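Heads up, the next two complexes both have subunit A, just with different partners, subunit B and then subunit C.
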Partner chain A sequence: MANLKTTENKTKSQSMGMHSEVLTGRTQQKFFNPDEGENLYYFGTYDVDFNKRTELDVKEMTAADANKEIDNLMSQGFGTIVIKNPQGKHSLGVGILNKLNLIFEGSLGYFGMGSCDGPTVRINGRVGWSCAENLMAGKVVIEKNAGSCFGAAIRGGDLICKGSVGARTGIDMKGGTIIVGGDAGAFTGFMMQRGRIIILGDVGINLGDSMYDGTIFIGGKIGSFGSDAIPADLTDTDQDWLKRKLKVAEIGEKFDVSKMTKIVAGKKLWNYDNLEPHEKKGAI
Partner chain B sequence: MDKKKTKTKIKKEKKLKLGTFKETAREKLIGQHIGYRYDVNLLPDYKKITPFLKKYVEAMGWDDLNWLEDVHMGYEEDRPAVFCRNANGWVTIPKSIKLPNNQQDRDMIARELLVKFQMSKKHPLVDLKKAYLKF
Partner chain C sequence: MCGIAGLIHRGKSSNVGSELQGMLQALKHRGEDSTGYALYGDTDGKNFIMRFKVGENVGEGSSSIMEDVSVYDARKKIVDQYLSELGAKIVKEERVLPYSLRYELAYDTKDLLEFSQKIESIPGVEILSMGKSLEVIKDLGNAQMVCDRYSLDKVVGTHAIGHARMATESGVDIKSAHPFWGYPFSDVSVVHNGQLTNYWNNRRLLENKGMRFMSECDSELIAVYIAQKMREGASLEEGMKASLTGLDGVFTYFVATKDSLGMAKDTMAAKPLVLYESDDLVAMGSEEIAIRSVLPQEIDTYDPYDGEVKVWQI
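Coming up: the complex of A and B.
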């Protein structure tokens, strides 16, 4: 095993003291003044202009090259980028941490738009598995259908599919909103911890299975409820918010939200307590 | 008689500490509070949006609060605070800022402060980016 102490070539992070700093047992404090200046973007991101538009044909490019070229175009100030011929390539448009108007003229493969923070994306086609996985912020609109694990582990932002989606939509999601205009498969909202899912059509079996928190709204029929998913009362605030969100999603503006079913966690699976295993069994 | 009863009720409500909730049957059973100390599922009231947040949303090209819908005013060591997911820590609210009693108004202040903190040069992510950014 390499001895880190004797390593002569220090990395940038080591020379900044990030490896020698003792963090255990103390709170790291950072101070900032809320009035220090109005900056609306992350430090170090590109200043792009939505009116500056360009096209990028990715037919002969690998996904990695295409993603680097998108980054390069953003660095030149392009705020609207149209991607031609995506041809179902996997992992396109991942890791964009910038405001951007991105349009795909075609379909994406697996893991499209993963780990993004900020862009507004329109996909004029279909998407494969795990679209917009780990989305932090932004808006992703899919004009047709989506595969399984749609919006897996998203933390924030709006993820919209105008068609239908596969199984395990919003699996492990920790925030944000997923909106589906059509139907959704089995295990929708599986292990979700926070955030909101809106399905205007029907859903398959085991809806909200093992959900810890968050809210699911269903407009159609429910195959069956999963473990610890229970119906709740739809409030006026819910209805106002649903109307607003459907308008933002450009779908179901005329949909009667008052007839939707609201599902929340029963919280019987929460095990953050001091009970012994045999006591937990009795409690559940 | 009725008037007296109402007065006592109001007094009791005022004594409740911020962030505490009525115990559920399960909480009584296990003898401890479960979950967050504030309503993480509270939907935002857009009538309360601040001018700064309007400006931010417009600059980003969004139609609503987007990711900020999940941001609420919480508590850290009995002080009002907002959780920063990028720093994985709580940002406590300066004492100079007087907080309203309404949770929706408090949430909007939390959102505004969080955006200002995340976009600040003093955010911990700035140092991490300098050290580890690959491309």
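Coming up: the complex of A and C.
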């Protein structure tokens, strides 16, 4: 386990302005202390074989039944599951806490892939509001458009939409990366606290409104900046990272990242400087 | 919460009653205190169709006061008398339910203001819709229940909008249910999902200009607001665009006229809407599952952005 305490050397992510808060704190060390590894048990995880593949038609199933069946299939060791006929159902694929190749042959409704930790997901359709909310790790790729609150409060992982997304993308996000191939609506990055958002197209008004930390990169036009969101210099490190990230995301590989606009938090919000360091962390 | 749905067929008619029923039933988890349909049916366009009520549904869950059926009969009698005085001839009369009626009227006028004011001067009487194509049907219960009660599944037409309501701002009754007629304009209807925060200010202003409100439901303001803009000479689209700044709050709403269907979304984009658009059909709803009830195959849909207004013609 990496030592998460402060070091004198700036990390690459810090030099990119992605965060200024140091990850310290009793809770994190308590939960991730390697000396107590034998006591750790991650509820809801299974050993799965990615070469063991199956299909699941959810046309006549409720979301709850479909999710239970996905869990059942994972418990049998299936590591690749193809979901047929999702037909815009809400809350499909939520709460998956282990590695899994999950493919949806169609579109999802609201809250798809919420609270997941680890799966690699491809959705060959569109997603409704709040896709992958609270994602902790893994990769979710959407081939078409996404609704509002895309990636709300994610803590990690990569969330990729090849089409356009609605309003409040990355609201309250605390880590991870959101990549959008098309446009994004108003309040993108609203109250984001850490992590990175990349939008290759245009964004609406109030970009990065009330953001505490994190970084936003915009390839197109910006409707307006929100409170406390300010432009920053796009460094060579940023460009290298953007190229690599877009390549991995299979999106905009030929995009000219040198013309992107970088946005960070101005940290002038009325309460920001009034907080003690430990209080800032509590807020985050 | 509430759910809204709408569709418009371009260049053809379809069974819009059944289609809208499916869309609204898919949204019933967003509210089933009441459900309303605004159906634009195929008619010869000669007569007005007036849907009106002479009382409320006082069934389970209703917030209305129980009245004897004889009271409804007395009100209907006065309506008939007033229609005669206005020179409107009843061509066809249907009493769908004791409190709900449908009249086809031979009536030669373009200004329905005087007409409506006279009919609605009868206490307990409300015109739900007036038009040569539009029929607003709304009642307590979910989409299936209302559809069955009023036999809407056979209605053929070009477009329709509807609403599944969870009552938050006003009572569980028909007068607060959507859609709202764009009084006093023929064939104009509105459904809304959201909350309007400057309702009372706007209501006072519009009442001073002679517009009428039948409920205390904030959504009714949209119908009245747009109707007033149209009275002042604005087009439907201009009226809708004006509403983005004139109305305060969070909203997504649909407006339909005899030959068009429009949507508007507030500048915060706080209320959901998913939209499917092709050359011959536009379908939209609060959730994609509403669209899936008429288009089960894989389709491309998207969310309109903040402050967006769109209007489609049949």
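A few points about this structure:
Please note the rule applied: the second predicted complex is superposed on the first by the 226 of 284 C-alpha atoms of A that agree within 3 Å, B and C clash if a C-alpha of one lies under 4 Å from a C-alpha of the other, contacts with A are read in each partner's own complex, and residues count from 1 in each chain.
The definition used in the following text is that a residue touches a chain if its C-beta (ideal position, glycine included) is under 8 Å from a C-beta of that chain, and two chains touch if they have at least 3 such contacts.
Note that the coordinates shown come from a computational prediction; the quantities given were computed from them, not determined experimentally.
Contacts of A:Lys267 after superposition: subunit B is touched, whereas subunit C is not reached.
Judged by the touch definition given at the top, the superposed model places A:Thr215 against subunit B, while subunit C stays out of reach. In the superposition on chain A, A:Gly176 makes contact with subunit B only, while subunit C stays out of contact range. In the superposition on chain A, A:Asn51 contacts neither subunit B nor subunit C.
In the superposition on chain A, A:Ile205 makes contact with subunit C only, while subunit B stays out of contact range. Shared-chain residue A:Tyr42: touches subunit B; no touch with subunit C. For subunit A, the partner with contacts to more residues, out of subunit B and subunit C, is B. Shared-chain residue A:Trp129: touches subunit C; no touch with subunit B.
Annotation: subunit A has no residue touching subunit B in one complex and subunit C in the other. Those residues of subunit C lying in contact with subunit A across their complex are 267-270, 272, 274, 287-289, 291-292, 296, 298-303, 305-306.
Only residues 24, 26, 29-32, 34-35, 40-41, 43-46, 52, 55-56, 59-64, 66-70, 85, 87, 89, 94, 97, 113, 115-127, 129-133, 135 of subunit B touch subunit A when the two sit together in their complex. The touching residues of subunit A, when paired with subunit C in their complex, are 87-90, 106-107, 109-110, 125-126, 128-129, 144-148, 163-168, 183, 185-187, 204-205.
The residues of subunit A lying in touch with subunit B in their complex are 11-13, 16, 18, 28, 30-32, 34, 36, 38-44, 50, 68, 71, 99, 101, 118, 120, 136-139, 155-158, 175-177, 194-195, 213-215, 237-238, 241, 244-245, 248, 264, 267-268, 270, 272-275, 283.
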